[in-house]
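There are two complexes below, and they share chain A, which is joined by chain B in the first and by chain C in the second.
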Partner chain A sequence: MTDTIPEAPEESTRELPPVVAEQIDDEVEDAAPFRPSVRGWVARGLVWALLAWVVFALPGNFLSPFQLGVSDVGHASKAAIFAIIGLSLNVLIGYTGTISLGHQAFVGVGAFVSAYVVVDMGLEFWVAVPIAAAVGGIQAALLGAVSLRLTGLYFALVTLAYGLFAEETLFGITAFTGGEGGKNVPRPLGFEDDFAFYYLCLAFLAAVLWVDWRLMRSKGGRALQALRENPRVASSYGINVKAYTLMAFVVSGIFASIGGALLAQQSTFIVPETFNFQLALIFILMTVVGGLRNRVGVVIGSVVFALLEEGTLVHLLHLDGILDSTIGLPAEFFGLVIGPILLLLTITLYPGGIGQQVAPIAQWLRGKKLDLHAGKVTEVEVNDVRA
Partner chain B sequence: MTTELGIAVVNGIFVGSVYSLVALGIVLIYRASGVFNFAQAEFGTTGLFVAYVGVELWNWPYWLGLLFGLAGAVAMGLATERLVINPLRNASRVTLLVGTAGVALAAIGIQFWQSNEQPIRQMPKLVDGVAFQPFGAAITYQHLITFAVLIVVALALAVFFRSPSGLAIQAAQQEGTAAELVGISVRRVSMMTWGIAALLGGLAGVLSGPNLSFTAGHLTFGAGAALLPGFMAAVLGGMRSMPGALFGGLLVGVIEQFGNLSIFGYMSGGGEMMLFFFLLIVLLLRPQGLFVRKAVAA
Partner chain C sequence: MSVLEVRNVNIQFGGVRALDHVSMEAGEWEIVGIIGPNGAGKTTLFNCITGFYQPNKGKIRYRGKPITRLPVHKRTALGIGRTFQNVGLVKNTTVAENLVTAQHLEIGYDPWAGMLGGPATFAEEVGLRERADQLLELMDLSDVAEARVTDLPYGVLKRVEIATVLATDPDLLLLDEPGSGMGPEEAHALGDTLLELRKEFGITIVMIDHHVPLVTQVSDYVYCLNFGEVLAEGKPDVVRNHPEVVRAYLGEEPADAEPARDAEAASEEYV
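Let's turn to the complex of A and B:
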């Protein structure tokens, strides 16, 4: 007994590990950073060029042995639009840890507002997109202002109810959406061609990526990261948790509306039934499989799911015959059956998603060493929502 | 007006009994795994499809088909617990939620695929015909049977939770480590909970299925969507109260029917509008639920 009592104070006065040591370590690494050799640079340059070719040249049939048809490039446009929507969900789930199950409503609001402005008000597409973005932001602000008092799963439930409400009630207003019959939406002037439209989508994706990147470098972005880790600690440092969550919600709504406006133009015909709950689930799937808080991963995940949806990926890889003959799975159901299974594998085996899987290559492309263990961060796990 | 209200209430109660069945399963799983189970309604659709295969395609007797459907639902519930919930037991709630949504979507995908040749199907009713018509609302025998099953299930659950197995479930839900110390296998209890919840979901599926023709995802977002109303019912009961979930389901059914009243001018989606605003009001004014006195620490 007498032995144990003196020991206790010693424990409590134990010195914290010196913070300086870590900084020294960093400096040592900085002193002799890894520089790829000339061959290394050439290899990286080639891969970059290949990537650029796939993104920019292949869909436009430049410098390409393949002659892609109009429908193929349509799928590519859809993939770019899905990437915008994935980034919009990433702002919400990834940065704030709040889950939205009604994102199809946000996308739908963007689509129908843009269609209304173009068709019924006779204005240009370039006016319609800002209006759609503004309306998307306002509806997100309204919904968020009322319901962000709730957190976590309860908030998710409200967004789920809102999604169904928007799908059935708002999009059911015939004067606004054309009701069951849907609405024809013409493409903007100069982009009627599917190939030109693809580059328009790509430009919007680039803009969204840039805004997302700058936002995360701002004070607001750092506040979001802090409040996701622990809202109580963040608020004790003077971060207004609710205001910043609302900001993220509005930004997410704006991105989603832009995606919706493009989606309306891409398909040139929209019906309310497109924006159903299944779509919301697919949006969540592609974001989580892509890898939360990882822009590259989210974009790749969204593109994969957009291509999976109608079996395009299967057609491109010439796998439909094999799948049909072995397990009798027609290509158009490939995404519906395989997508969720991919999701379950991702969250059980690789919580960081595709972003984690491609991290070594991404690091290498940035001029670092090829490190197979890159991206294995434990903090990729979404922190517990506060339900 | 009174007749219209009467019809709404009567219809609401019978529609709501399906919601109650779904909500009971949701509450059970929330208490056991702390997750909003998005696959709960899909247990029902899967059970419905399996029962349909037994009754219509293989010409089994009806009761055998029903049992087959329920067995299918329970098998799906157990598989979900083993393959998704158990590996993710230390993950966050969002991850778990996404996992159950993935299970639901996988089931829907497989249903779409398997019912490709005939997307819209019709399950025969247990007993055909209209039982009686209060205020002119046609109450079929199927509705009455559903309601009776709900009452029987509620009583059975009440009795079950007093039995040793039921007490073990309650103990494991409240404090897993302590339950293990007194010799309760938390693993087996978790399986049992998911099995019972899936059985409830399956009952909701096979009983509500014959009312309408059904497609893939029937109870999740199809014609007989019961997922959102089920969640709302569970929330009304504070997510933890079984009687709360039961009465919540009936109440949600009635509220939803009010959206079809003529004062809304027969607008489309009136039911969804009522549900959305009702949920907002309830969550903002009484986030702990309508049928509980005090909030339970989650």
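Let's turn to the complex of A and C:
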């Protein structure tokens, strides 16, 4: 048998595989960056214009060639406010990786503080918003300082308890909130009109978007990203993990309070019951379904859920009749039914949420090539949230 | 005055004594190697020095200043930088972004000012990126600056990690197995890089590695740990041929030291 074995060559004739690092270099060194043609720019411009029309004109049937059957611009204001709240929650769940189950309390504190300042202290709305933001930031700092000793699920439980405490006790203080009877909140001067108020909400949303964008492009946001992924590595970079988590909490509290202050003005009448646990769930649903860490996604998700809650979306799709008569489900509750289903679909199919699905269009609008797989790099993982 | 001084450090996890009266020192400009079999307590020692673990007993001093109870980020601010055994990088982002993140303590502006987007913050951000590019060039990594961390192989990531720690502007560099995942040739090149870094930045380096040729190539002094105790210390050649060290690695006393050396020489030639 021994003679059947071929003689081994003196040297190995096997060719060595190419060096991996060089291969990667080739991949990274791409050709000249893509530039859209003139026609490409025109197409992009048209889509931008359409988006601008949807945002600025459609809600009031302004410059609209056809009647859509929705003339309540209040719903649009609410959508913009929900977007602010969604971005607020995104700072916590998305950037920091800590889940808050009591966000309705943050929003409620903003709403009642601004209402108190306007109604009981007789000050202007422009003074009330900064005060509401400051109080919101301080309560977030206090809650954070106590509860951030805990992590994960235990932390979430503390926020849940705080939310329930705020709803039942804090907002029940009659002198502060008007108790069960609620409170009338007049709109700021010059913005009594629904349409004008909608623009005001948009301006606040733009400001929040700006801060959110700068946050993620600067020291604080990078620190949050590092500590979410790996707190040990973050601290070895010199990042004070506790302090920056607390900072994220305060930022989130400020955003939520601004949203709350606007919400109080928008409905012109607030009762403590509004800020129940159901609302906190809607906030989480809209943020996660919208797409964590994706500004565009969170805004779209928030708008969808705000319109679902108001029943506008169901009405627009002419589903309200069917829902009400066949199933006996009022349009306003549709959000809570469809929400969990959307959440399941998001977690299993599109971890990046709506943001992942609109990523190709968003990239294209920014002047990049249309790449249908742009959202495929899922930055969001299912086990992302440390809960 | 020594840069790092570890005195009689004890740490216990339940019934396991991970470190038992461990003392070590690293002087200015020195490269100190730490070797030892798996589970000897090398990384635990690093975790005590950087503050991830609090030793039950013992003292750690950095340039004469006691740091035993300082939190991790404050030790980084003092100038202690470290790498991790299983690559300590922010994975969901690019290499360059990691180096910018690591310059956290170098950033002059307040995080709140950065959030509001003051004009000064924009200018400083550009500077951070430039510094990141310089460090990447130094480590021969300019080509992968825009690559995502998850797309890169382990050996490259080990080098990226060193570049990232350098971005924290350390005086004392603790490297946990910098040569793992590298072939003999790459490890040799890494040794040259480390010597160069010491010259360029004037830093002290303490490194853990299993790669004995690499450790002997660059180290001025070597400690060998086994079962949480310092088994031997001294010049690299002395420690390598120390009978206790050989026994800890091979399990028995060598009949003759010469053949082992020949085998090693042969293996180096083969490369």
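Rule of thumb we're sticking to: the second predicted complex is superposed on the first by the 328 of 387 C-alpha atoms of A that agree within 3 Å, B and C clash if a C-alpha of one lies under 4 Å from a C-alpha of the other, contacts with A are read in each partner's own complex, and residues count from 1 in each chain.
Just so it is clear, contacts are C-beta pairs under 8 Å (C-beta built on N, C-alpha and C of every residue); 3 or more make two chains touch, one makes a residue touch a chain.
Predicted, not measured: the structure shown is a model, and the values here were computed from it.
Q: Are chain B and chain C a fit on chain A, or do they clash, once the structures share the same frame?
A: Aligned on chain A, chain B and chain C fit with no clash.
Q: After lining up the shared chain so the two structures overlap, which partner does A:Asn240 touch, if you call chain B first and chain C second: first, second, both or neither?
A: Second partner only, chain C.
Q: After superposition on the shared chain, which partner residues are touched by A:Phe277: those of chain B (first), chain C (second), both, or neither?
A: first
Q: Of the partners chain B and chain C, which touch A:Trp210 in the superposed model: first, second, both, neither?
A: The second partner, chain C, only.
Q: If we overlay the two complexes on their shared chain A, which of chain B and chain C does A:Arg149 touch? Say first, second, both or neither.
A: Only chain B; A:Arg149 stays clear of chain C.
Q: Tell me the contact category for A:Ser218 with respect to chain B and chain C: first, second, both or neither.
A: A:Ser218 contacts chain C only, not chain B.
Q: Under the stated touch criterion, name the partner, chain B or chain C, that contacts more residues in chain A.
A: Looking at chain B versus chain C, the one contacting more residues of chain A is B.
Q: Once chain A of both complexes is superposed, is A:Arg35 in touch with chain B (first), chain C (second), both, or neither?
A: Neither chain B nor chain C is touched by A:Arg35.
Q: For A:Glu229, is the partner it touches chain B (first), chain C (second), both, or none of the two (neither)?
A: Only chain C; A:Glu229 stays clear of chain B.
Q: Across all Cα pairs of chain B and chain C, what is the smallest distance in the superposition, given in whole Å?
A: It is 11 Å, taken between the nearest C-alpha atoms.
Q: Once the two structures are fitted together, what part of chain A is touched by chain B and by chain C alike?
A: none
Q: Sort out for me which residues of chain C touch chain A in the complex.
A: My answer: residues 50-52, 71-73, 76-77, 81-82, 84, 88-93, 97, 100-102, 104-105, 107, 109, 111-112, 114-117, 121, 125, 143-148, 151-153, 155-156, 164-165, 168.
Q: Help me check something: in the complex, which residues belonging to chain B touch chain A?
A: 36, 83-84, 87-88, 91-95, 97-99, 101-106, 108-110, 112-113, 116, 217, 220-221, 225, 228, 231-232, 235, 267-273, 275-276, 279-280, 283-284, 287, 298
Q: Contact residues on chain A for chain C in the complex?
A: The contact residues of chain A facing chain C are 20-21, 24-25, 27-29, 210-211, 213-215, 217-223, 225-226, 229-230, 232-241, 244, 247, 251, 377, 379.
Q: Over in the complex, which chain A residues touch chain B? Could you list them?
A: Result: residues 93, 97, 99, 146-147, 149-150, 152-154, 156-158, 160-162, 164-165, 167-170, 172-173, 179, 276-278, 281-282, 284-285, 288, 329-330, 333, 335-337, 339-341, 343-344, 347-348, 351, 381-385, 387 of chain A touch chain B.
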